[in-house]
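Next come the structures, one after another.
There are two complexes below, and they share chain A, which is joined by chain B in the first and by chain C in the second.
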Partner chain A sequence: MTLPFLIIIPLFGAFSMPIISLFGKKLKEYWALIISGATLGVAAKIFYTVWKTNEIILYTLGSESPIGKGVKFPIRIVWEVDLLGALLALTITFVGFLAVLYSLGYMKHDTGLEKYYTLILILELGMLGIVITGDIFNFYVFLEIMSIASYALVAFRNDTWEGIEAGIKYMFVGSVASSFILLGIALLYGQYGTLTMSYLSLKIAENPTIVAKVALAFFIGGLLFKSGAVPVHMWLADAHPAAPSSISAMLSGLVIKAGGVYAVARIVFSIFNPGLHAYLKAFNMPSINMEAVGWVIVFFACLTLLIGNAMAVVQTDMKRLFAFSSVGQIGYILLGIGIGTLAYGSRAGELALAGAIYHIVNHALIKALLFFVAGAVIHEVGTKNLNELSGLARKMPMTTLAFIIGAAAIIGLPPLNGFASKWIIYESSAMYNPILAAIAVVGTVFSLAAYTRVLFTFLGRESEKVKSAKEPEMSMLIPMLILVVAIVVMGLLPWQINDKIMLPTARMLEQLNGEYMVALLKFLGGA
Partner chain B sequence: MIPLQFVTAFLMIFMGIYAFLYKRNLIKLILALNLIDAGIHLLLISLGYRLENGVLPTAPIYTGYETLKGTPMVGPIPQALVLTSIVIGVCVLSLAMALTINAYRHYGTLDVNKLRRLRG
Partner chain C sequence: MGSDMGLIVKTMARATIPLIGIFGAYVVAHGHLTPGGGFQGGATIAGAGILFLIAFGLNEAKTRINKNLYSALEGVGGLVFLIAGMLGLGVAFFYNTLWHNGPIFNGEPGTLLSAGYLPIMNLAVGLKVYTGLVSAVFAMALFRRWRK
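What follows is the complex of A and B.
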């Protein structure tokens, strides 16, 4: 059983970090690298197992079976890993490992590094917990672990006003969002008396009450806050640029996905289960109107991808531009999830969901690369103002190459990985409703304008500030090059990846056979 | 009829949200966050407490439950949840206080309206 080690290893690594750092100056960096590397290995093994067997791993904490003694329903905490969870765990550990590697060079001049590495491992642990848990309160606990670590990391450079102000904003918005989610959990528990996600979905289908709908509204509201969808995106554009660049890469690439869109997908598909409710509706039984939920998600998605990308165009701060671009890309992922809910059971719905999952992975890699580039520029030149950065291409050719690859991939140029996922999202939205596809393409036009501006800055005439710039050191270049290779390789095999990994993942999440529930029902029969 | 403790819980949550939206002092905002949390905790705790046939439920201790068979028991899960949630709340509270102290050092004020150097 390798699953518990996904949590045990980073937890042990995080809290042994202060002790380890007593023994040597360089030791803490290598310890963080070893721990995150080991976690990457465990996640790869879990992903391979789930992908190979195409079966959900169900792990009960502290017992053989989740069913309580003498009762007929699950009372223990379960971890349920389907393909989506395993895929995200792999992405999280991969980008987390690269972020730690990048920190070796990038954070060299900072103090308090043992706290930094402790927090970065706790952040990774929280996200891993979110993607593997099958218990809704356990989900909340991991969400808070992740959130608290990220509040602290945004305000890590507490000698600058920027970090403190962004940290305060992020913390207040994030705490209120967490409270909404906790309120949703409390309402669901009060109504149905269980916390296990798969059992909850059965109970809700048996008796869909108004309380379940209110709880769903609280969940969606809170999670849209956390993922930075448009009416509530203002904290993201402050928090992500203020953090150190290695953390920005994790925040933009992973945190808004694991704690935001992934959780939306999990709650909409695994707890509220549009298939089950469409089935109930067909027989005129009481059901929740999941189509309305889908339209709500699509509405916010369209708003997000238009405004996020449009705001990116007018920014003069490079990291702020990337952060707004993250808001825009979250819009595409939400659009895929929304259409997956709306067109449930049809080819378009399945494709849209696969495209959303594909884009989660792709955007994690691309945005991590772009923030690494921004970090390298800040580290070498000392500014992130685009007006002072012209002509970097001569002095930092490798970094510029990495930026060009990343920008081309995020816009969606064909030989790179962003193309495939965006294409699938356009195609499925055009199949469902051409207007949505048109909106998505308009968003990409804004994105193109924003990145072209940065590209011209990089290739322009040399300014005073960049005269003394040089390439960053190896520990910062290597993660960028690994990401460039990953983006190009994934871009060369787009349809194979889609057919072999993303479509099965989407099918498993859609649970055409109700697999997420069946994994638990096995135990119910035997109890 | 809705039990009184549910009404109180939601009243606390709404008071917290009101304070969060209309108060401008950082300390008051932190209090507002705690008020929202406390309301949710009250809601969760009162979910486990039901007056059954006019009998008060006993405390959720499993060993004692064996001897007191027949009397209703308070749900143990909400209490475990609330304990966990209180611990999380303390973490957020301490982090918020630390950030507030830092903000006061940088800005010399606790007014959120003055913390506006970032655009957005």
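What follows is the complex of A and C.
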């Protein structure tokens, strides 16, 4: 069984980092690289296994079976990995590995690096835990591991007021969001007496009380905070630019996905399944109105993708612009999830979910690339103010190329990967409700305006500041080039990827036949 | 100079630090039998370390506390916990193989040498919490920039 090694390896790396760093100055960087590389290998193996067999892996901690001795219900912590979890684990380890590789050059002049690498491994560990867990309290524990590591990493450069202010703000907002989620978990546990997600979904379907609805509201509220949806996005626009660029890439590319939209999808589809409740409603039994939940998600999604992208247009700080663009892209993902909830069971719903999942992966790659570019510019020129950066293209051609690819992909130009996922989201929203598709397209127009500005800055006349700029060193260029290749290759095979990976993932998340629950119920039958 | 406290505090600290340490060690060692455990006991022992830092001052503490050693010991605590969790990996992660199959810590429930990996984990967590909290407070004491 390879699944526990997804947690064991980064945990081992993080705990051994203080000891390793005693033996040599360079050793800790290579140690972090080895550890994150090994984690990437494990995640690739798990993804391949789940994809090949198309079956959910259910792993029990501490015993062979999740069912308690002498009782008929699960009492142990389980890890339940479906295709969505495995796909996200692969994305997280891939971008995490590249971020560590990028840090070799980018963080060379900083001190306290053993803490940095420990925290980066713990951040990765927390996200991996979130995507593999099938126990809702275990989910909360990993969410807090991830959040606390990211608060500390945002404030890592503690010699500037910017980092500390953003870190404290992030910590306050994040703690409020976490307490919402904890309250939701406490309500569900008090009402149903179980923490296992798949068993909880059965219990809720048996007796959907008002407590379950309140808990769902707390979950959605807390997770919208964590994913940076619009009325509560203010922390994101401060925290992501203030962090070191390698961390910004992980925060924008991964943390708001794993701890935000992934968790929304998991809770909406695996705990409160729309299909199950529509079925109950058809027989006039008490049920939760999941359509209302879907509209709530769609409402915030539209707000997010309009305001996030529009705010990006007026920024003069490059990293802040990218951060607002992340807010906008989260809007698209939420729109996909919302339509997936509303049009559950139909072709439009399935496509919307596939588009959302596709966009999670694509945006992780693209935004990591863009923040790497921003980091390279800051490292070489020393400023991220767009007004002082014109004319970089002649001095840093490779970086500019990487930026052009990234910007084109995030806007959604055809031969690149952003096109496919955005197209699927437009198509499915047009199938469900054309007004939603129109709103999504308007968001993209803002996004186009924002990135065109940066592009003109890069290609414009040379300013004083960039006279002495040069290409960054290899350890920073290589991760960018790997991401460029990944974006182009994924862009050349959009429909193959969609049919082979994203649609099965969406089907497994939708669980038309209750696969997520059946994986647990198999143990009940045998006991 | 002058970061230490008066004679009365120092004398009292000399008398109480060993007692606090012993009580914390008791809480850690009986973690699987009595209320408390690794975290609570470790925090209690860290209380002794913090009392030492406050009573005798930063300069005295600097000569006695080796930051690198503490940070390495914190790592050791975590690693021991992880290895204890991995002992039963043949069945599952965190499978309590010591309790089910022995050879040690598989005595009668309620005695000190029972409960499988739990005493080991309590000791590891106690070590980690003690060293971690002491290093955190020590770092905060070193970070007082306003004193020049």
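Keep this in mind: the second predicted complex is superposed on the first by the 527 of 527 C-alpha atoms of A that agree within 3 Å, B and C clash if a C-alpha of one lies under 4 Å from a C-alpha of the other, contacts with A are read in each partner's own complex, and residues count from 1 in each chain.
The rule is simple: a residue touches a chain if its C-beta (ideal position, glycine included) is under 8 Å from a C-beta of that chain, and two chains touch if they have at least 3 such contacts.
A quick note: this is a predicted structure, and the numbers were derived from the prediction, not measured.
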First, second, both or neither for A:Leu401, with chain B first and chain C second: neither
First (chain B), second (chain C), both or neither touched by A:Ala152: first
More chain A residues in contact - chain B or chain C: B
First (chain B), second (chain C), both or neither touched by A:Tyr189: first
First, second, both or neither for A:Phe15, with chain B first and chain C second: second
Touched partner set for A:Ala278, first chain B, second chain C, both or neither: neither
Touching partner for A:Tyr59 - first (chain B), second (chain C), both, neither: second
First (chain B), second (chain C), both or neither touched by A:Ala430: neither
Sites on chain A touched by chain C in the complex: 4, 7-8, 11-12, 14-19, 22, 59-64, 114
Interfacial residue positions of chain B with respect to chain A in the complex: 13, 17, 20, 26, 29, 33, 36-37, 40, 43-44, 47, 77-78, 81, 84-85, 88, 91-92, 95-96, 99-100, 102-103, 106-107, 115, 117-118, 120
Contact footprint of chain A on chain C as seen in their complex: 68, 71-72, 74-76, 78-79, 82, 86, 88-89, 91-96
Touch list for chain A against partner chain B, complex: 75, 137, 140-141, 144, 148, 151-152, 155, 158, 161-162, 164-169, 171-172, 175-176, 179, 182-183, 186, 189-190, 195, 234, 237-238, 242
